[in-house]
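Multiple structures follow.
What follows is a pair of complexes built around chain A, which joins chain B in one and chain C in the other.
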Partner chain A sequence: MTLSSTRGLVRVSKNPDCHLQAAMALERVREPEFYRSVTGTEYPGEYGERVSARRRGAKFEASLRQNNAAGLRQVLGPLFGWDLDSMAVRDFGEEVPGPPTTMRTLRLTRTRRILGDLAAGREVPQLLIQPQLALPTGSGPRQLEFVSPDFMVLDSAAGIYVPGEEKSFILRDNVAEPGDLDLTRRQAGAQILALRAESRLVGLADRVANRAVFVMATPYGMKPAPPVVEQLDAAVYEIERAVATIATVREELAMLRSTGDAPLEFLVDEIPTHLQEECHRTCILAAYCEARQADSAVVLGDGAADLLGADMRLDRVRALLQGAPPATAEERELVARLTVAGRALGLEPDDLVRELA
Partner chain B sequence: MNATTETLGRVLARHQGRALPIRSTFALSEDPSPVFAIAPIKMVAEEIVQAIAFGDPDGPPQVVTRWNPLSRDAGDLEIFAAALNDYVEAVARGDQLPRFWLPHRSALTVVELLGHRYRTNQMASDSLRRMGWQCRAIAEEATYGGQQAVAIAGEILRAHVLTGQAPIKDGHLGALLAWVAPVAGRDPAEVADEQALVPASGVLERSIDDRVEGLRREAKRGRGPVAARARAEIETRLTQGALNEWELLLEARRAFWSLGLPEGPGLGPLVAESKRRSLYRLQQDLNPPSRPHSLARLVDDHEYAADLAEDADVRGDLHVRELARRKGRALLAEVVRVEQPRSSRRPCYVTLRTTQEVLRVRQGTALRDIGGRVEGRVEDVWEARGATLLRLELTRGVQRSRVPVVGDVTDWVDTAPHDLRRRRREVHDAMQAAASPLVYDQGVVGVGTSGSPSVDLLAVAERLRRGA
Partner chain C sequence: MDSTEDLTDTVEGLKAQREELLRAREQIEMVLTRIDTQLDQLAPPAPAEEHGEPSSPARSRPRPLRLMVLDGLDDLGWMTFSRQMMLYLRARYGRDVSPTRFSSLAKDEIAAFTSKRPRSVYLCHGLVHDRGEAVKRLWGRSDWPLEQRVVAPTTGRIQHLKLTERLCEIARTAGDTAADSEMLRFLAADHAKDLPGVKARRGVFELERWQDIALELLEELEPRDRERREEAAERLARLPEEQQLFGVPEGPLFPLPTPGRAAGGRPS
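Coming up: the complex of A and B.
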């Protein structure tokens, strides 16, 4: 699985200070292969989506799209002001099948044509399944990421499409897991920005609001829950930052390669990283980065990194608590705070010295 | 716990190579007997049970496997439903606190979804529907602050110890146990990272999961020997997966009780509340609250549970109290004056003197001593000679045997839970009788736009204020 398109943008948005991750997204690396070339060993953990997870997602999408997307029309029609029986549907998955590399351009052309028709006031389908959008990440013609919403539905009131995601997550009492929702919102953030960029080409950018619609599952089989329209200002902002990071990193890579076209794995030590707790959940290189910063505060988590400074050595913290003279005013304050904190753990300053001996 | 204390704890734990206890007492009462443990294995993404190991954690578990969990036939779950109900009936007969042990939050989600899927499922048997409401009751009880009926091993351990690794890694029960019960001669950080390579969230290991997925296709192909072999292999692998989860749960439970802390002295009211709530819900099918009154009751219950839990923690645990002291919500004070005109009668005023710098006490704050024998409301706060003086009017504990005496030095805390649920029910009843459209209708009735109302609203308000 490559780190590209929306997936790469979402990952960069979660840690925009890690330029290595942005470089991986930019170069569309295959993560396990990149891990092997950087570390010299196979990735020992689990990687990628499981067969069972893929199957459920595919079944959920298929159930919503069968019979001319009857399932989707049923839940989306009333929400966006359409009679579900008279909704016109274009399914690009059926019109232009094939692997992403070959079908993206064709689908993008057709999506652009529809947006052009909309701008010209001609009749357009109310529902687009698997449309294709492109989000510029730089000024060059090839500096873009392909973004593929699961669907887009025409909002009769706003006169523009709203991107949407089908997720087989199970809602319990109409509530989704926050972790699931976070990724989905960021995906939608990228779709909103890409739709706005495409709409700008035909003069409709002003109509694109920071909102998207999610269709998720109930606990009962493949039945969809009532769709949720969300305002996604924060997610859009995060993706904008990710796009800016990618543009910056593109320039940094160009600088690093000004004397030769070194592969990314040879540049790893030159590119700034930013280890944070979330990396352990999302990035294949988390353990590698952690090993490079062993015995620094960051291995104890984001809270410790914020308090002590990510690069603060833990042996320095221990020495300070054992009475080593503070070298700076910050260290003096830190010792005072940690000493007071010790009491909440039942440890007086002398106990702390003993515990750290 | 604040970031500074947590960071210090993690520094110490990393240095010592083992988890550091952050409580002086257990926040969970001793396991009653019997206990019921549940270790499910779910299908990834489907959140459907494909195997469960369950039963008394001190004995061998029963294991139920479902080679085709997506089938409509849920008969395999009948054994689990019967065992769960037997347990519920046994604790109800003995009027005991039920205690369900689960390995992690993911297992609770599976149990909750069993509730969603079967509680009202007309195609399911009565016993499965009953299992559905009992599973929902377990999941609902787990949401109450300080509840004592549902012990989620990973969470209860994390509430008692700090490890020397990043908090996100503590979410993996195996990685957490590497610090709580370290392997001799090995760096727990390394062991934890090794453990984290295998999921501990109620799913099969990746290679086994993919193998089972492949076998299911063969197993569905009729009744021939190939299908039979596939089913048998699926069942073997699911059984092993469930037993692995079961072992993880038992290890976590053992590690928890091995912390060897004394039981928190304030757990009694929490046990009583938890028992009352869970026994009631486990024995009858209740619809989730949706009306104003039932929702209000639910909020009241949660509020009271949270108050009780906070009080038990602050009064019962030295470390939690120290944290409260740093926020000014607990104070060490000396009794310097007692005014009680008639012995064992109200009014009774007690003046406290404290030199603590951080105080969050003002007129009207309710304070109680950590023994919970005496409680009062602050009447006045003033400073004199480098100390702060507080005058309390006692609202509880005015008997001669309980009134503090001059010279007593003790901790006072501002966690004084009051059970106002009965009073609130009366308010709700009155509200229902009044049938206010604000509560019972779709929304506020709009005021007409044709001129101002014909009544003087200020005069009406004035009359209401006077009670006329």
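Coming up: the complex of A and C.
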């Protein structure tokens, strides 16, 4: 699985200070292969989405799209001002199948023509399934990420499409798991930005609001729950930061390669990273980064990094607790805070030293 | 020189002979296919075997996929998506087709059209009404009129209704000769469940009622759709024949970033 497109943008948005991850996204690395070339060993853990989850997702999507997308029309039509029986559907999954290398540009061409028709006041379909958008991440013609919403529905009031995601996770009393929703919102954030970029080409950018629609499952089989339209200002902001990070890292890589055309795995030690707890859930290189930063406060977790400073050496903390004179005001304050915190837990400074060993 | 010319003549002769044989084989296969189908329909239902195997008609030889699909389209009478065709062929004829086969099928048809081996009928794609782009997973037959292969904004619903109607009909009338008559009924039900007023109930197959609903809706909705398809067909008929069958060519807008450093990482 490559770290590219929306997947890459979402990952970068979760940790924009990690330039290594942004470089991996920029160069569309295949994560397990990249892990092997960096570490020299196979990735020892599980990698990728569970097959059962992927199957459920595919089944849910198929059930919404079959019979001229009857399932989607049924839930989206009334919400966006359309008679569900007269909604016109274009399903790019059926129109342009094939591998991403050829399929994406063809779908993008067709999507752009439809947006052009919309701007020209010509008839357009109300529902686009698997349309293709492109989000620029730099000024060059090839500096872009492909973004593929599950669908886009035309909002009759706003005169523009609204991107949408189909998610098979279960919605109970209109509430989904926060972790699931975070990822979905960031995906939608990328889709909004990409739709805005595409709409700008035909003069419709100001119609694109920071909102998206989610169609999720009920606890009862594959039946869709009522769709949820969300305002996504925060997610859009996070993705904008990710795009900016990618642009910065592109320049950094060009600098690093100004004297030689080194592959990314040879540059790993020269690219800034930013280890955080989330990395262990998302990044294949988390353990590698942790090993590189062993004996620094960051390996104790986000809270310790905040308290001690991510670069603070643990041996220095131990020395301070054992009575070494503080070199700065920050160190003096740190010793005082650790002593108070330790006593609150019934630990003397020596005990803390042992805990940190 | 003479020997080279002789050799060239021989090669050309062999090529021509090969093409002739291929054409003959195709015609024979089509005739055999028709005969097999008719025999299937005339044969009395075979008794169920002791081991509970379905009473499927015996097959003397595997038929080429393109002929199976052409037959399937003939049975269903309307443009059909790959997925629908795959399920239909399995239910009606017991033929398992991998989804990837459809992709090579399309390439073969285009290659056959552009080669010097004309076929009497081609598998072709549905065409989007305004620009003639191909809907690559929507199949039709080249011997159908162009307006029957055009996808107007209203055609998605018509396609669903047409398929529902035909599947109900086939499940009702040819159920006993189908390789898997139960699957055929499920396939009809899977289409009918999105008709207005139909509520799917396990094990209940109201095939006649579903067919009537679909026909009633078609009577109401098809004239407007046909009108739009005919309008579009008039325009698309000006395209070269190859494009009428396989869609207008679409060039990519720009080169794609691909996995790996060369495409994505370097500033342009």
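In this text, the second predicted complex is superposed on the first by the 346 of 357 C-alpha atoms of A that agree within 3 Å, B and C clash if a C-alpha of one lies under 4 Å from a C-alpha of the other, contacts with A are read in each partner's own complex, and residues count from 1 in each chain.
As a working rule, a contact is a pair of C-beta atoms (placed from the backbone, for glycine too) under 8 Å apart; a residue touches a chain by one contact, two chains touch by 3 or more.
None of these values were measured; they are calculated from a predicted model.
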Per the contact definition in the header, classify A:V202: touching chain B only (first), chain C only (second), both, or neither. neither
Go through the superposed model and pick first if A:A244 touches only chain B, second if only chain C, both, or neither. neither
On the A-aligned overlay, A:G45 touches which partner chain: chain B = first, chain C = second, or both, or neither? first
Scan A:V353 for contacts with chain B and chain C and give back first, second, both or neither. neither
So, A:A304: does it touch chain B (first), chain C (second), both, or neither? first
Pick one for A:V340: touches chain B only (first), chain C only (second), both, or neither. first
Let me test your reading of the model: by the given contact rule, A:A119 touches which partner, first (chain B), second (chain C), both or neither? neither
Both chain B and chain C touch chain A at residues none
Where on chain A is chain B touching in the complex? 44-46, 50-53, 55-57, 168, 170, 172-173, 219-220, 277-278, 280-281, 287, 297, 299-304, 306-308, 314, 317-318, 321, 337-338, 340-346, 352, 355-356
In the complex of these two chains, what residues of chain B are touching chain A? 1-12, 14-16, 20, 22, 24, 43-47, 109, 112-113, 116-117, 164-169, 189, 193, 196-197, 199, 206, 209-210, 213-214, 288, 318-319, 322-323, 326
Name, in rising order, each residue of chain C that touches chain A in their complex. 81, 103, 128, 131, 133-138, 153-154, 156-157, 159-160, 190-191, 193-194, 196, 250, 252-261, 263-268
Which part of chain A faces chain C closely enough to touch in the complex? 2, 4, 23, 26-30, 66-71, 85-86, 88-90, 93-98, 100-102, 104-106, 108-110, 112-113, 123, 125, 138, 140-144, 146, 250-251, 253-254, 257, 263-264
